[in-house]
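These are the structures in question, set out in turn.
Two complexes follow with subunit A in common, the first pairing it with subunit B and the second with subunit C.
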Partner chain A sequence: MNDLAIKELLYKMADDQLILGHRNSEWTGFGPLLEEDIAFSSMAQDKVGQSYALYTILHSLGEQEPDTVAFTRNAEQFHNSIFTELPNGEYDFSLIRHFLYDTAEIMRFDMLTESSFQPLAELAVKVRAELRYHTLHANTWVKQLGSATEESVARLQKSLEHALPYALGMFEESPYEKELIETGVFAGEKKLQEKWLVKISAIINETRLQLPDLSTLQPVSGGRIGKHSEHLQPLLNEMSEVFRIDPTAEW
Partner chain B sequence: MNSLDPRVNRLPSVGQPGQAEPKAPLDQFGTFEVFVQPKEGKPFQHEGAVHAPNLEMAFVLAKEAFTRRFQCVSLYVADTRHVFVSPMTEGNITVFDFIHDTPEQPGAKLSYEIFMLSKRGKQHVHVGSVMARTPNEAMSEAKRELQTDKVVYNIWAIRTDDIRFTKPEEQELWMTLPEKKFRDASNYKGGDKLKEFLERSQS
Partner chain C sequence: MMRSSEDIYTLLEEVKDPEIPVLSLVDLGVITNVSVENNQVNIEMTPTFVGCPALDMMKQDIKDVLAKNGMNHVSISVSFKEPWTSDKISEKGRKALKQFGLAPPPVGKNLFSDIDVLEHAACPRCGGSNTSLKNPFGPTLCRSIHYCEDCREAFEQFKPL
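Our next item is the complex of A and B:
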């Protein structure tokens, strides 16, 4: 099996988790209520932990140490989708991103429990268990605020429309897509997007939100090949600040 | 003033004339009681409360507020207004002395979960369930069916149907919790790091 194909898959997944984990952690101390602040921060920490587990598999395939990989690359060396690096904005956007992203993630890891690449299949069982809470959290909030007041519905709707083109960028295909599918490593982005659409539609149908026709939207992609928005490099600068001062620092 | 912080929005306007008005209610969420089962085979115990707009949101928020560290295999929540509380005692006086038989009443019996406090300063612990028509009857049924030699200071009764339990497919929410040692304060080894820092800065 081609190591490059597996590495490309692992990098994009790990980078998604790390970047969104870091973004979501920016809400720590600012959440809309104490209980939510704790929950959102915990899930951000889970995501960083999941990225660490994926970087560890990459290390076993000959890549550098997880800390080196996480803290020393520049923006163009990251493979996360642009969706994950966008600034938090207001809580409605963060919540909608959490909903759209985590729905895709739980399905991705669910598919990967069947992967022919054993280390990933084993990890996927654990990650899926953590994501079960993340999606329960996201779905409950979206159902709650998507049917609560005029303001909450309008704000979520606006965020949903803003987020969707970026969300579609999550499914940007790998140059090794065919090989990954044929070797049973991963069933592919197209299949994932189909499953994702069914799930998000089902949740949105339980609310007063309207899902736009996705075929009319232009996906914002490029992240998988290192083409990012202006928002990623400042995030990386901040995230790696301590590491750059003292690479041996423990905290 | 318009702010995202409700405390700012509650500030009274200053220097404005006006009529006497009823005090506006607080815009806070209600509370829900949280019960946690730390290990398989151990009883559920009361851990505290969360603020939430409804029972389902309370379950979601309770999970991280109360079970993000240590061990947990299951949790459940109930609206604080659905928790019925017996009289309170102390010393060697058991609360059962204050609980009397309830006269037979018409109507169907419903299941109630019973929690007892047998150490002051500790939590209420789940001891079993009883069938009753009213909360008062649930207390007297608890006395009849669940009383032991131990002194009990207080009893809670919650209708089983009023509880949001963990669903079987949600049991895996805590699968990786034992691995998250980094969330335990002892895992930071703060003392060791401080000592090392001081030694380094003195040398």
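Our next item is the complex of A and C:
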């Protein structure tokens, strides 16, 4: 099995979890309701913890320590999808992103429970169970606000249309796609996208929201190969600010 | 003096969950293996939640308790081979949670084929299920927030996972 292929897969997953985890943490103290403040903060903690577990697997494959990897790389060395680095915007955008992202993420980990790469398969069982709370949260609010008032429906619809091209960028294929599939490490982005579409369609059909025809949309890709929007570097600067003051500090 | 792994388990009863001081790590179910070879103690553990911030503290507390008992060669590894689920909490641990005021997680139920498990957690005060879920996320990763309509008070549940 090719280490590079596995590393590429682990990096994009870990970076997605870390960057969206950081965005979620920006809701701490600003949530529209105390419950939502707590929910986004808890999901942040889960996601950052899950990224740590993935960086730990990478470390066992010869990459640097998790903290070094998380805090000392620049934007072009990150493999997260552009979707995860976009600013939180209003709550409607954060909710829609949370829904589109976490639905994909739980299915990705679900597929990975069958992975031929044992450390990832073991971790996936655990992470899948945790992410159920995230998708439960997202689905509950999308169903509620997607059928509530004219304003809530219109806001979510607008955010959904804005978010979808970026969401499709999550499924940007790896240069090692064929190898990952053939060696049974991961069944591939195409398969994941199909499963994701079935699931989000089912939830959206329970609301007054309309899912646009995805084949008419141009995916916003590039994140997986380090081509990011202008939003990632400022996020990294803030996230690593304390670490960079004294990288050798003991916590 | 040679210690057996049973001895170590008994000593680990002293080490409590830093966030729930009535619950030992053994009863919490996070210790998945203990072995002793000569003077070397090897402990395997697994976190309740992957992002649990108490993990490092737990590891330190284990080392402290074993050092106090003369064991200085202790290695602790974290693994997901045998992932933690809430069913790993012992019967004694469940009682301790309830006395602490935290509803123990329901046993052996598949949480998401049965949403009622979350919606109607048993109140740790009155034992009734006339309760509602307020938030699947709580003050720590492993707790959710509920409200008992009969007691007219909020309570927390250790989340089923």
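Heads up, the rule we're going with is that the second predicted complex is superposed on the first by the 248 of 251 C-alpha atoms of A that agree within 3 Å, B and C clash if a C-alpha of one lies under 4 Å from a C-alpha of the other, contacts with A are read in each partner's own complex, and residues count from 1 in each chain.
Keep in mind that, in the parts below, contacts are C-beta pairs under 8 Å (C-beta built on N, C-alpha and C of every residue); 3 or more make two chains touch, one makes a residue touch a chain.
Since this is a predicted model, take the numbers as computed values, not measurements.
Colleague: Would you mind checking whether subunit B and subunit C clash or fit side by side on subunit A after the superposition?
Modeller: clash
Colleague: Given the touch rule stated above, what does A:K126 touch, subunit B (first), subunit C (second), both, or neither?
Modeller: After superposition on chain A, A:K126 lies in contact with both partners, subunit B and subunit C.
Colleague: First (subunit B), second (subunit C), both or neither: which does A:S42 touch?
Modeller: Both partners.
Colleague: Regarding the shared-chain residue A:V198, is it in contact with subunit B (first), subunit C (second), both, or neither?
Modeller: neither
Colleague: Could you look at A:H137 and tell me whether it touches subunit B, subunit C, both or neither (first, second, both, neither)?
Modeller: The answer is both, since A:H137 touches subunit B and subunit C.
Colleague: Just checking: does A:E250 make contact with subunit B only, subunit C only, both, or neither of them? Give me first, second, both or neither.
Modeller: In the superposition, A:E250 touches subunit B alone.
Colleague: For A:A53 in the superposed arrangement: first (subunit B), second (subunit C), both or neither?
Modeller: After superposition on chain A, A:A53 lies in contact with subunit C alone.
Colleague: Just name the clashing stretch of subunit B against subunit C, choosing from 3-11, 21-29, 75-83 or 129-137.
Modeller: The overlap with subunit C comes from subunit B residues 75-83.
Colleague: Do any residues of subunit A touch both subunit B and subunit C, and if so, which are they?
Modeller: 35, 38-39, 42-43, 45, 49, 126, 129-130, 132-133, 136-137
Colleague: For a test of understanding, state which residues of subunit C touch subunit A in their complex under the given definition.
Modeller: 49-53, 79-81, 83-85, 111-112, 118, 134-139, 141, 145, 159, 161
Colleague: For the complex, give me every residue of subunit A touching subunit C.
Modeller: 35, 38-39, 41-43, 45-50, 52-53, 119, 122-123, 125-127, 129-130, 132-133, 136-137
Colleague: Sort out for me which residues of subunit B touch subunit A in the complex.
Modeller: Listed in rising order, the residues of subunit B that touch subunit A are 4, 29, 50-54, 56-57, 60-65, 68, 169-170, 172-173, 175-176, 180, 183, 193.
Colleague: Which positions of subunit A touch subunit B when the two form their complex?
Modeller: 32-36, 38-39, 42-43, 45, 49, 126, 128-130, 132-133, 136-137, 140-141, 144, 148, 250
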